[in-house]
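Okay, so subunit A shows up in both of these, paired with subunit B first and subunit C after.
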Partner chain A sequence: MEHKEIDHITGTETTGHAWDGDLKELNTPLPIWWLWVLWITIVWAIGYSVVYQHWFIGNKVLPTMSEWTSRGDVHNALDAAKAAMAPQFAKLEKASLDDLRSDAALSKFAVKAGKAVYGDNCVACHGTGANGVFPGSGYPNLTDQDWLYGGKLEDIVETVRVGIRSGHDEERTNTMAAYGDDETLNAEQIKNVSGYVLSLSGGSLKGADLVKGKQIYLEEAACNACHGDDGKGVTEIPGAPNLADKIWLFGGSAEKIVYSITHGRKGEMPAWDARLTPAQIKAVAVYVHSRGGGQ
Partner chain B sequence: MSDTTAQQAESKSLFAEHEKIHPLKVSGLYRKIKWFFLINMLAAYYIAPFLRWDRGPDAPGQMILFDIPHRRFYFGPIEIWPQEVYYFTGILMVASLLLFLTTAVAGRVWCGWWCPQTIWTDMFVTVERWIEGDRRKRIALDKAPMSLGKFTKRFIKHSAWMVIAWWTGGALVLYFADAFELVRGLTNDVAIFFTQILTLQLPSAPIHLGAWIWISIFAGVTYLMAGIAREQVCIYMCPWPRIQAALTDTEALNVTYRYDRGEPRNSVKKSVKLAAAGQAAGDCIDCNQCVWVCPTGTDIRLGMQLSCIDCGLCIDACDNIMSKVGRPKGLIAFDTDLNIERRLKGEKNSFRPVRPRTLTYLFAMFLSIGLIGWSLATRAITGINVLHDRNPLYVEEGDGSVRNGYTIRMLNMERKTRSFTLDVSGLQGAVISKVSEGVFVFEKSDKGSFIVEIGPDTTRELRVLVVLPAGRTISKSQPILFTAQDLETGEKLSRSDFFKGPGN
Partner chain C sequence: MPSHEIFEKNSIVLAIAIVLVVSIAGLVEIIPLYFIKSTIEKVDGMRPYTPLELAGRDVYVREGCYLCHSQMIRPFRDEVERYGHYSLAAESMYDHPFQWGSKRTGPDLARVGNKYSDKWHRDHMNDPRSIVPASVMPGYSFLGKTDIDPKRYKAHLKALNWTAQPSGVSENDTGAMYTQAMIDNAAADLAAQAGDPDSDDSEGLQKRYGGKINVRDFDGDPNRITELDALIAYMQMLGTLVDFKTYNAKANLR
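This part shows the complex of A and B:
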């Protein structure tokens, strides 16, 4: 070992090499505690990867010492949450609306659970506010009191369960015929009957003959068979809308009504019994029912 | 460059190694005052959680309770909800003003007599003195090499400190749960632990694990602050000395070395000689007792300084010495520098505890107390909050009517169930069509108002639907007023919101 050269100003050892004749560098290595931290983290990393890290050789996953995974943690948490909610769901599945009304805790649970189910499954078509995506789009508003297939809790449960024109064995279905496409009515007749239908809710269509329109409504096209003589629908036939109110599932303008009569209408809603448990269906029905339109 | 430059650079270092302070035992008036506050404040601290206060069957019966899980704070007759934490701000304001006032009158007596840091440090030093002896012995013990005797003393001291620290944390957690129940629960945990140990079982986690964790945290901090850090907390950590420097004025009394009387310092014999020769001789005999008794190691003879906590122990020490050497007491006393200057000029002493500054603090303090009291006395024990549905803003019904949905939260801070009628006004024709909670629908009274029942000490969230019949012209948004009225007392509460429509 050569002799140590000490810098006079700082009292620190130099590296011993001189640049440009007299330029020297002080020898100030990393603090020892810092180095120790570095070594410890390296040792820690090796230990950590042995215990937790899944290494790969090609497609083969090597085992780790620990069974723990963060994914497993999530699953455990989800299972725990499901288990915690299970008794409430079991109770909810059997509860009637009257039961729910007398059980404040269960009612709160049903509305909250229903909101979650609604948020996961229904918002795409019915909107986050349950009022349809936008008026006249064919996606019904669930907050008003107008129900094609009934607004009682049991009706809503059934609709959610089997869907509408969903292909389910017990599907709810009722099709608006395409009077124009079927050539049952000509353009003139369609115009007249459209004018009559509009007049039921206080509207009008320029150039439509209301007398002829009424005759077509009651006789040629027999609209009254489903929609009723007064246009308010027939209780025995679910799915036929009230034409005398201001709510139009597919739009209430003259154009839209002419289109509906010409080409027919058949909206669809999937059946949910394969995707949701009966308790979840009950919950989402309770939530929808509580939005203001429930009967 | 020479070696001397390097030495000079070294001597300029501003870093000073911490010197351990070993306060000497002292007796006297101020020591008695300190004992008085120490004993009484500790007694209050340990007794307070066990005091009871009857609030009825469904409320906790503890006088002072911070009920975190239920979001309620209880102070005797006062019950504070989370939205009212500003009362704490008020209490802190009054406390600060009281602190300002005492500082303006008699300096940092808070620091010297009442501050928990001082009280616990005092306690820890006392214990240290019992075990290791007084100042001289403790210094000797520090210097002595490790031996069985030294280790034993140190071990006993630290164990004793830990026990005190444990009891400190143990009392603090009692303010956050029912004190009697928690004491029983903790005792039970200890019993289970020892049973398991004695039967050679692996100890299980205690039932009151949360309480144990908090006790450990508080105990650890107490041990660290009162045992290890001590006066360093006051000198380096606490903001109060810095704030005090901005608050003090020349009239505030402080522990003061009366240099007009003490200087020049000399030994007893020399000062007698000097006096006989007709030369200036001060009363200070430079015995250093005032420095040795000081819990923060302050030399008060250097004048008022940041590290002085105004406890007055140096006054006791100096008075004891002065009476021994037959000189008048009060060489160190609560005094002002202004008075020293006055005496040097031959003027009279003057103390002015009543002056604009103290009067201002006093006024501000009573104003704060008055405002808090007035606010508490008149605070609403009922509340109503209205939140309009965001989506949908409104619903058009088939008959042309328009419906708006609201979430109304009603709050009843009284300890009994109360019934309210809920009505809406401000928009011609608009009526409440339904009040519900989940699927539960509330009933209407004979007069057509919905009746809502709110349980004791709770809030209730209601879904309220308001309908405007068809044919009414309505704008896109119109103000509307919800009014709840207590059926019994007639107390009315209103909250305005808006009724939204398509606009026609």
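This part shows the complex of A and C:
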């Protein structure tokens, strides 16, 4: 049976087996370099296992030869990055907001650091350009001059730190009552006062009685307590928007204004003091302030 | 040369040999994990999911969120700077099954808790492109219209206990996820966390699960408990439980 011979056509040796009497197979083994790669990977695996892998005796874990871990690696990378930026961040940490206004180099660093923080955390609501993405959606544009809780650096730092209706102990909040749901005003009155509010910024609502609307604004609903007699807001009361311009956080159509007065509005923003360091909060406030809307 | 003849001529012998060879990898890599405790880090703050969060997690699993969102911040500098501390094994200790995922069409969600407002989540679930213009996420507006039956969750808690501790529940048994009190109050706890105005159980809920619980109306409709309440409650908790101020990273590198 075992009978090796040279095949006449190819000149190759056969394996020596014969099936069904005369069926033979050419002996064409794997290339020698391929076999070497196989042996090298096996040797490599043994070496790798000895250097990096934990071995066990029963349930006792033996230490590895190498100290390297992927977690150690990321801590090293983070520490190195932190060390590289440490001088500037230390400066930023200590700097008062007045220092930031006067020190151009530090302010430039804060804008860059703040942009990174903004990109990771703020974009989802305020948009990549800080312009609020969709006007009237309830997420404010940070590049305009309307600031519910103040547009000075100090105000922005505080808003970022504690948030709005965030559950933080010092959260910012305001009160826009639901005049319709509370039955303070009826539908007719809401229509009239909506028409009056729209007229402050040059708009109009068909069928609204502006004289009655103004009376409701000043007396029955006392909107002026927060929004001011002229609709421009009262500076001592944070969170009360200017109604006399054309910037509307929750939409400036007649329909949206009627909705706001009927059901009230409760804006929300998370508090960031658990997620960001004080220096990062300062930096992001400087960045937001630099977008054009800061006061 | 040793002969292969015995393997080539006996299929049973060949099958047994295959099983033996393939088992070696399992024996070496998997079995030790059953015996070592050091694979789970020592952390403060982990607790089982509240019934409402569990209901939200069920929605998350049912809708296949894991197909596009991972819950696994890998130990790389870029991920840690974007999402926060890399994920720990301990953070998945109550996950049956875990939702680590393997694909990111959308961002990682392991630490999305408390990052955005409830209103953002509501708007985003109803119509993702009303908030993120370039998003390819489908809308899930039906969640806010689908009620949850709080009574169902008693059985869910029991079933989860079974996965962790087949022999049942006892207060002193650290292997059990849920205590008997948690199971008995599942329906009331679920309603209380969703800000049900008729519920007066929120203190009991805080006491049973620890203080770090978001109790409020999540979906903007205080009169109903919907799947949107549950999903937002779940997401607002993700990644917020472990207290990293007391976590010793250097002691848990491996």
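Annotations
To be clear about the criterion, the second predicted complex is superposed on the first by the 232 of 295 C-alpha atoms of A that agree within 3 Å, B and C clash if a C-alpha of one lies under 4 Å from a C-alpha of the other, contacts with A are read in each partner's own complex, and residues count from 1 in each chain.
We adopt the following convention: a residue touches a chain if its C-beta (ideal position, glycine included) is under 8 Å from a C-beta of that chain, and two chains touch if they have at least 3 such contacts.
The structure presented is a predicted model; accordingly, all values stated were derived computationally and were not measured.
With both structures placed on the common chain, the touch criterion links A:54 to subunit C but leaves subunit B unconnected.
In the overlay built on the shared chain, the residue A:77 is in contact with subunit C alone; subunit B does not reach it. When the two structures are aligned on the shared chain, A:162 is found in touch with neither subunit B nor subunit C. Within the superposed three-chain model, A:286 lies in touch with subunit B and out of touch with subunit C [touch as defined at top]. Looking at the shared chain after the overlay, A:242 reaches subunit B, while subunit C stays out of its contact range. Residues of subunit B that touch subunit A in their complex: 1-3, 5-6, 9, 389-392, 395-400, 403, 405, 434, 436-441, 463, 465. Within the complex formed with subunit C, the subunit A residues making contact are 54, 56, 58-59, 61, 64, 69-75, 77-78, 81, 120-121, 124-125, 133-134, 137-139, 165-167, 267-271, 274-275. Of all the residues in subunit C, the ones that touch subunit A in their complex are 32, 35-36, 38, 75-77, 80-82, 84, 86, 114-120, 123, 130-133, 214, 216, 249-250, 252-254. The residues of subunit A lying in touch with subunit B in their complex are 8-11, 97, 100-102, 104, 107-108, 110-111, 127-131, 141, 143-146, 242, 245-247, 286, 289-294.
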